[in-house]
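Alright, structures below, take your time with them.
Below are two complexes that have subunit A in common, paired first with subunit B and then with subunit C.
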Partner chain A sequence: MRRRPVTGLLAIAPPVIVIALFVGLPMVSAMLYTLGDTGGLNSTIGSIAQHQHTPERGWLTLDAYREVFADESFRASLVATIVVTLVATVLVTILGWGIALYGRFHDGPLSRLLTGVSIVPMFIPAVIGAYSMLTFYAPNGMLRTIGLALGWDSAPTLSYTLTGVTLGSVWSNLPLTVLLISSGLGGVPQTLIDASRDAGAGPVRRFRKVILPLTTVPTIIAATFSAIGILGSFTLPYVLGPTARNILGPLMDDTYSAFNMPQQAQVMAVVVFGLALVASIAYVWANYRSARRSEVLR
Partner chain B sequence: MTDAPGLSLRGITKTLGGRKIVDNLDLDVNAGELICLLGPSGCGKSTTLRMIGGFMNPDAGTIAVRDRDVTALSPERRPTGMVFQNYALWPHMTVFQNVAFGLQVRGLSKAEIREKVETAVELVGLSHHLRSRPGQISGGEQQRAALARSIVLEPDVLLLDEPLSNLDAKLRVRVRDEIREIQRRSGITTVFVTHDQEEALAIADRIAVMNAGRIEQYDAPDPVYRQPATRFVANFVGTMNFLDAQVTSAGCALRDGTVIQVPGVRQGTRVLAIRPEDVRLVEHGQGIPARVVRDVPLGHYRDVTVSVGGQELHAFTPSTARPAGEVAVVFERAVDFAPDGETAHV
Partner chain C sequence: MKIRIRATALTAMSVTAVLTLAACGSGSDSTDAASGGSQEIVLYTDSDTGVQQLWENKLIPAFEKSHPGITVKFSTGDVSNQSAQLASLAASVKQDKAPPMDIVVDSGFLPDASSADLLTEITTSNVPNSADITEAMKSSAAGVMPYRASAVVLAYDSEKVTTPPTALPDLVQWIKDNPGQFAYNDPSTGGSGQGFVQAMLDSHLDEATIKAMSTGYDENAQSGWDAGLKDLAALTPNVYQKTYPNGNEETLNLLGQGQVSMIPAWSDMFLTAKKNGTLPDSAKAVSISDPAMPGGPSSLAVPVNSKHQEAALQLMNWVLEPEQQAGIVEAISGFPVIPSTELPKSAQSVFEGMDTSNVAPFYSSKSAADMNRKWSQRVA
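Up next is the complex of A and B:
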């Protein structure tokens, strides 16, 4: 029986309205604000903000963008954001792959322990995790204490460094990565792997030619999720990162609250959004590829 | 075929989850021979095949291919090729890439790979699908692609794990005949696992009927069918009637006291095993009295159930016959077993 389309529309209307009202509208309004629109929904913030750019002629202006991009501190933070995101994403993907592979092909207490431990960060609030890591990486933290005890005087202090932020990002993104890649690996039938062994392929070739191509989609999805998460992270870099030349989250917060420059903070948000959009292209492509493959196999 | 064993299993034992899946199994396969491991689910036939392929290690025993002990070798290093039940073709590769994979692993040149792949796919009749991916070809074609992938590596032993179970009935018969033909042409020693007794009878040089991890009978199809060694084999292979009888010098007394004459049956409490095609229906008064209970037309023959001596049995008769009411039966041939079931007497 064919249902009338109006029933479907009514069913989907509530979430669409909520998203449009509480996500879509503020987003459009914020974007307009970065372009100098201080009327309508932006009138309140426009009346409070400092160093605000409004168009001298016409309706919109790119002056806020010019100002933000001219700022060396922002540019350095932008580079730091991109580098930390890329490095942490690569590291977490490699690490996630290693744990997922071990879990798939070794069924024992060590494998279960490793998988379990890698999932733990998911249940620890970011702020708790960040402070724990801070303590661990601090000049008088466990890392250096153990280093000194072992006679390593120059053991590094990773607190308040971008390396610390990178390691923290790897830690916090590991659970989702392991879960996604494990799930992808679980979807590769054992007989496909057995067939490659039967053909004479060793572990490396099996991984490269059979396992990896069959798990490209979950790998890309996992990497995209990690990248987007790291790009927009705040707590971890705020607690664990350096004061300046940190990733954009804390700088955005400072610009918004401490400097009372919401327009410039929102420009930075738009930039982060743009970067996340680039990362999400890979996600969209992976989903498209996945859908096409299932269509062919149907 | 030569007398040298293409494959030899000695004392193979495998226990899984505390249960003995394969129990002290011996098996010899002549070079160039196609044998079937036939048995019900859980009898240990696939486990045996996986141990031959190296995907499982036996707890005890040895596996030799052409007199070379391969028990300790991993699947990558064994001279065996496996065709999996679900074909296990790599979905991201074309048919050509699937078949070429093993040759690339062996480091052959591109020209050699192309030549060997083309020969193999021609052998299985898939030349027109070289560029297709597995998802774009039919089940039968996938099965043949999997076969080409194995035989292109020229294994000493080809292992087929229920390769026809995913095909529909008609295609199964066609592909079965194709496999037999390809195996004859290539001369590869082959072990074919199936639970389908008709498939085994049609394709095998010899059949090893397995039950509870042991081989109950290992013989050519005809003796397995006509002279089952155990009651299990008699029951599992084909349709079989079993009649409880007390055999004396006067004849075989059935449950209700009816005495029938069956030549060559040992005296004592016996179970008579009679194939439905060995039960001939005749006019009332010309044999053992019987009554038609059911008559099921099955196309080219009829499955007639008759009541004889208080027990029901099946008789296969020509489709033109119309038996009804009171009739008589004559047993052309019977095998007898002890009631505990194991030793047969033909």
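Up next is the complex of A and C:
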């Protein structure tokens, strides 16, 4: 069915205008500022900032980017951000799959309890969760206390470590992953699974040939959401992470306000933005694929 | 991380928006200016909730009761909005409109507002009680009137530490002798860690350089920090978990949980935590000397274009009375800015072990920003 284009345009105009005005415009202006533009919307911040780079000749300069990338602490934090994001995303996806599979094929009180518990982090504010983890992982915290009671007297202290941040990120991203993969698994027709069983396929083969192909798209969507969330996380690494070589969020915040160097902080933000773009390529591909499939089915 | 970019640019946009609002909204105010009778003054603060409660629940009701005819409208802002508030104040002065507020409490933009001549000058004729402010608390910025103070002190658990160090070199030695028992927060995230770092840097600087850094900005003199930063880096293996927690509260938590036995802390936060029971009774505090950990007064100011000068100045004068000064001691453990001998005995005894009369200044905000960055590059 074809709709009249004018009605459609009118319907999407308000969100487009709001996004262009409150997201698009500030973003463009912020990117111009990282390139040394201190006029117009950037004049206020430009008059406050310290160690700002403005072009000596021409209109724009890459000096702020050069300074940020030459800084050892930024490079260390960038590596830490990428590593934590990758590790936590892989872990949370595996865990999410495990819980979703169990819930899909073993309907009982235990599986319902497990799924329920894995959703709980969604209803706990990040600050509360981060502080409770900090207490739990502390040298005198529960993790080490239990370890000691079991005879392990050198259980690790995970507070103020990247391992702690990784575990925390897994915890906070688990609910959405479980929900997305569960709903994907719920969409796999039972008849297909039964048919492959009748055809003699074992559990591994059924998983690889039937279940996995039909849930690739929700899995990629879940992983992308987790990765972008972790890339941009602030509260968890701020509370639970180490002082240096932490996720970029706290370093960006320090650079922006405590060092009074907003230009360099925005350079870092542009870098994180770039990383998020890379992560969302898979998401766009997955959406495109699922859109095409539904067209084929129709 | 898109959110950061948005927030940044939004700040810039909100400045523009506030400027426009200030320009439109204030026209009507200027007419009812000196109309006597009842008038309303707007009190603005971007300080923490403790200070907000002090004003909203204690000082303002008491003032309104003793000054019928004056009502005080309490308004708060976020501390990250400082530059926007300063911009809107500056715009209102420039256009000769009424300012967005008649009294500014604590705000970090006051020194800048003072140097831009946006504040009413405070003298003993318009605020008679300002004559009582002690020499050490007096503000060098015109129009900025201190009304309470606080300083970074050394908080410790007296059950584990019987004789705490009172001089910085002794403290450093103690940290090295008791690995893992001392913590200070990342100086970027709170004044208590910043105060400790500054004292460590100051120990290699002469008086004149320290003064220059607290009153202005001299990038070349910062090479004098190298020795202190080296000392601090050498302490890293001996601090709690070889790391630096974020925020003033976090080190207080560590002390309260018994994970460390000594921390630098804000005097008012320390005393309030003790009163609320988040710190045990065995927690005590002393002032550190040689060099001292800094602190500073918190101040009030009236914008030069306020249409309610007289009422606002009355409020400032009233806050300096011994009764109110003692109330501030009681509510948030703020140091008084008048001689403590003028306060009741009960208010004086709160500060046992702390030097409330001499408070060394913090570095200027620009110097401190560079200090934080160098610390993060070389110590963390």
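In this section, the second predicted complex is superposed on the first by the 290 of 298 C-alpha atoms of A that agree within 3 Å, B and C clash if a C-alpha of one lies under 4 Å from a C-alpha of the other, contacts with A are read in each partner's own complex, and residues count from 1 in each chain.
Assume contacts are C-beta pairs under 8 Å (C-beta built on N, C-alpha and C of every residue); 3 or more make two chains touch, one makes a residue touch a chain.
These numbers were taken from a predicted model, which means no experiment stands behind them.
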Request  = Check the residue A:N173 against both partner chains and state whether it touches subunit B (first), subunit C (second), both, or neither.
outcome  = neither
Query = Does subunit B (first) or subunit C (second) touch A:V239, or do both, or does neither?
reply = second
Request  = Determine, under the contact definition given at the top, whether A:S77 touches first (subunit B), second (subunit C), both, or neither.
outcome  = neither
Request  = Considering only the touch criterion stated at the top, classify A:G200 as touching first (subunit B), second (subunit C), both, or neither.
outcome  = first
Inquiry  = Let me test your reading of the model: by the given contact rule, A:T191 touches which partner, first (subunit B), second (subunit C), both or neither?
reply    = first
Message = Between subunit B and subunit C, whom does A:K209 touch in the aligned arrangement: first, second, both, or neither?
response = first
Request  = Name the contact category of A:T224: first (subunit B only), second (subunit C only), both, or neither.
outcome  = neither
Ask   = Once the shared chain is lined up, is A:Q52 touching subunit B (first), subunit C (second), both, or neither of them?
value = neither
Ask   = Looking at subunit A, which partner touches more of its residues: subunit C or subunit B?
value = C
Ask   = Which partner does A:S182 reach: the first (subunit B), the second (subunit C), both, or neither?
value = neither
Task = Could you please specify the touching residues of subunit C with respect to subunit A in the complex?
result = 1-6, 8-13, 15-16, 80, 83, 87, 186-189, 241, 243-246, 250, 257-259, 365-366, 369-370, 372-373, 376-377, 380
Task = Over in the complex, which subunit A residues touch subunit C? Could you list them?
result = 22-23, 25-27, 29-31, 41-42, 44-45, 48, 50, 71-73, 135, 138-140, 157, 159-160, 231-232, 238-239, 242-244, 248-250, 252, 254-262, 265-266, 268-270, 272-273, 276
Message = Help me check something: in the complex, which residues belonging to subunit B touch subunit A?
response = 53-55, 74-77, 80-82, 84-86, 88-92, 101-102, 105-106, 133, 135-136, 149-150, 153
Task = Provide the residue numbers of subunit A that touch subunit B in the complex, in ascending order.
result = 189, 191-192, 194-202, 205, 209-210, 213-214, 293, 296-298
